[in-house]
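Presented sequentially are two complexes of chain A, the first with chain B as partner and the second with chain C.
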Partner chain A sequence: MLTRTPVALLIVAAAMFAAAPIFIAYAPNEATMGLVYKIVYFHVPAWFMMFLAIFVCGIASGIYLFKDRVSADRLAYSAAEVAVLFGAIGLTTGPLWARVSWGVWWPWDVRTTLALILEMTFIAYLLLRKYGGPGSEKLSAGLALFGMFNVPFVYVSVNVWRTLHPQTTVVPQLPPAMAGPLWWCVLAYLLLFVVMISGRRRLEEQRAIVERLRLVYDED
Partner chain B sequence: MCKDIRVESRSREMLYTTTFFAASCVLVFSFAFVRSGRPVVGAEAGIIWVALAYAGQLALGRAFERELHQDALRGLLLAPVDRAAIFVGKLLGIMLLMVVVEAVVVFFVAVFFSTTFFDYGLLFIGLLVAGTIGFACVGALFAAMLARSQSRTVLLPVLLYPITVPVLIAGVSGTLSLIQSEPNLDLARFWLALIVFFDVVFMTLALWTFEPLMTE
Partner chain C sequence: MTKTDEKLMRILFILNRVTNIPVVPGYFVLLLAGVIILTASATVVAIQPPPVEEFVPIGELPEEDRLPAAPFLVSAYSLVWIFAFGYFWMLSRRLSVVERELNDLAKRAGLDSETESKG
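And now, the complex of A and B:
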């Protein structure tokens, strides 16, 4: 059962998502890309949330490793799932945009490559969690911590690797008419992020309780 | 580590198999990258680093297998020494093996693709050594973590490559900037610095997390 706050947040987030298309429809079209540019209102917030989730996951994993707090581990697990989910949204909407504006599905630009590598890191986290067997919580916490510290390295290396080739600017300076709907969507995504993580955490908690109860029951 | 070297020097199992595997990697790549008798320009750098990564992964997978017999890993962890010392010992063993493999791979690539790597030998060796440290230190930690896991053979590469991508990009691009027709030394130095920085951060992180990670 969800507590009251997430439910309230969920309702607000749903309302914001319902209103978002109207704002997006009224926002002016971008000069060169036209309609397809509107993907930006869902694409960019998804990436923001993915980064947020990665840092939440990394920091929570660190706390779990050194302070041995199980609740931190549950938070990290939820954040990793959410990171993969938002990453998947970003990786699906990105190529649609790239196809129209640059003529290729995958432009190998800095951000796309960085995103792909991070997405892979956190898919690896989930795989480890699922197939690692007993003790995989600690191992995946280690991976998340490494993944978080890896972000700047991947960014710098991909950046320099790509400057050898012509670069494309992805997000130009936004005029206020476009920035408004964008920030609206970011806020809606943020609420969704909080709702999903808290819901997922609760699910993990309940699962732990059920597990414990089952053990007690088996002993009797 | 001394024990590992002694075991290795008696049987040479890992050395022979890993080296041979790396050499076959180079061979497979030559079929992909040699068109009508001429190698594709710039493919050498990629081949060296990919062959290294694969061979390294093979070595890492085996590194902790020896300790699994009769739960020797637990015995090792219970020993009254600093846990970091165990990690460093394993790391040095893996690195030593990888350096030998590197020598063989570089030799084969140089022969097959008639490339001269040693025009700027110091920078090239620096890139290789720093890259090896970075790859091996992340790899040794993950291999140690996974040693007790059932599905370690598939999980190791799954975890290893996303994290070591910066080292591979830096290694390939750095090597490429040294062997291209107009070498770009500044760029190579930048890549070297990046790998060294990566090494420092991840070595610290590995030493720091080895203890909590290996505690059950």
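And now, the complex of A and C:
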């Protein structure tokens, strides 16, 4: 089971999520999109956390590849799973917003397509880890580095290519009444992220102990 | 020879002429492929819809074209809870399985050490 600190963080994160609709309700509506823009409070933090998880996964994979540290590989595996989860939240909340404001569920523009490819890259990472057999750790570490280098392209795609998706300048320019609830949600997501990563990492460590013990018994 | 036979003979003659075309040189095939690709590309570019220059704000849409936003907002909020709870439930199940395996191995180790000490 989870240890005390992550459980405490989880309770705080749940309380913050429960309180989020109150702050969101008081935030003003956006001029062109109306009420539906408030999906931003669940959609944008999900992508922030996905990018963060990908950076953790990519850097840890680099350490594993070049320094051969097994603990870094465990962290990378945990972060990849969390990245896929937050990506799934982003990919499901986005179409709900798009349906109302753009009239389509999925516009197949550069941003959405690149985001989908990024999600699929990390799903591929997890599949490789699960079914790749011996040696898949190194292969998946390479894939994680490739995924990490894709993140900047996904991020700036809205500024470079023609798309209906709001640009990256929107979040820094939000008025305080809108930015406050957003950063509240980002903090709640960040706590969730920490709890998920620590729980998932603990699982990997326990699995490693079980495997080591089994090897000892098999040798005996 | 009947008229039908004559017609058949003529068709066979034409077919023979057609099939006896000399071998087409490679550069001609390449040129033909290039022309086809260029024509196809030009057609694809020509039939593209014009780019969207601007969008109509929701507030300016006619009432029948507007979708109620609240259900979508509530769905997004619910999805976050579902994903988070789903993941923690999955994680705690996997942790329980591994911890059970660890306990089993520990018990086995205890039994092994007992039998060794008796032996």
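Just so we're on the same page, the second predicted complex is superposed on the first by the 192 of 220 C-alpha atoms of A that agree within 3 Å, B and C clash if a C-alpha of one lies under 4 Å from a C-alpha of the other, contacts with A are read in each partner's own complex, and residues count from 1 in each chain.
Just so it is clear, a residue touches a chain if its C-beta (ideal position, glycine included) is under 8 Å from a C-beta of that chain, and two chains touch if they have at least 3 such contacts.
The model shown is predicted, which means the values in this text are computed figures rather than measured ones.
Student: Using the superposition on chain A described above, determine whether A:R111 touches chain B (first), chain C (second), both, or neither.
Tutor: In the superposition, A:R111 contacts neither chain B nor chain C.
Student: Could you let me know whether more residues of chain A are touched by chain B or by chain C?
Tutor: C
Student: Now for A:F66: first (chain B), second (chain C), both, or neither, which partner does it touch?
Tutor: Once the two structures are laid over each other on A, A:F66 reaches chain B alone.
Student: Check the residue A:R201 against both partner chains and state whether it touches chain B (first), chain C (second), both, or neither.
Tutor: In the superposed model, A:R201 contacts neither chain B nor chain C.
Student: Should A:M120 be classified as contacting the first partner (chain B), the second (chain C), both, or neither?
Tutor: The first partner, chain B, only.
Student: With the two complexes superposed on chain A, say which partner A:R74 touches: chain B (first), chain C (second), both, or neither.
Tutor: Neither chain B nor chain C is touched by A:R74.
Student: Which partner does A:S136 contact after superposing on A: first (chain B), second (chain C), both, neither?
Tutor: Touch status of A:S136: first partner only.
Student: For A:F153, decide between first (touching chain B), second (touching chain C), both and neither.
Tutor: first
Student: Which residues of chain A are in contact with chain B in one complex and with chain C in the other?
Tutor: 164
Student: Once bound in the complex, which stretches of chain A touch chain B?
Tutor: 65-66, 68, 117-118, 120-121, 124, 127-128, 131-133, 135-136, 138-139, 142-143, 145-147, 149-150, 153-154, 156-158, 160-161, 164
Student: Spell out the part of chain A that touches chain C in their complex, as residue ranges.
Tutor: 1-2, 10, 17, 20-21, 31-36, 38-39, 42-43, 46, 85, 88-89, 92-93, 96-97, 99-102, 162, 164, 192, 196, 199-200, 202-203, 206-207, 209-210, 213-214, 217, 220
Student: For chain C, which residues count as touching chain A in their complex?
Tutor: By the definition above, chain C touches chain A via 51-52, 55, 57-59, 67, 69-70, 72-73, 75-77, 79-81, 83-84, 87-88, 91-92, 94-96, 98-99, 101-102, 105, 108-109, 112.
Student: Using the touch definition from the top, list the residues of chain B that touch chain A in their complex.
Tutor: Per the touch definition, chain B meets chain A at residues 138, 141-142, 145-146, 148-151, 154-155, 158-159, 161-163, 165-166, 169-170, 173, 187, 190-191, 194, 197-198, 201-202, 205, 209, 212-213, 215-216.
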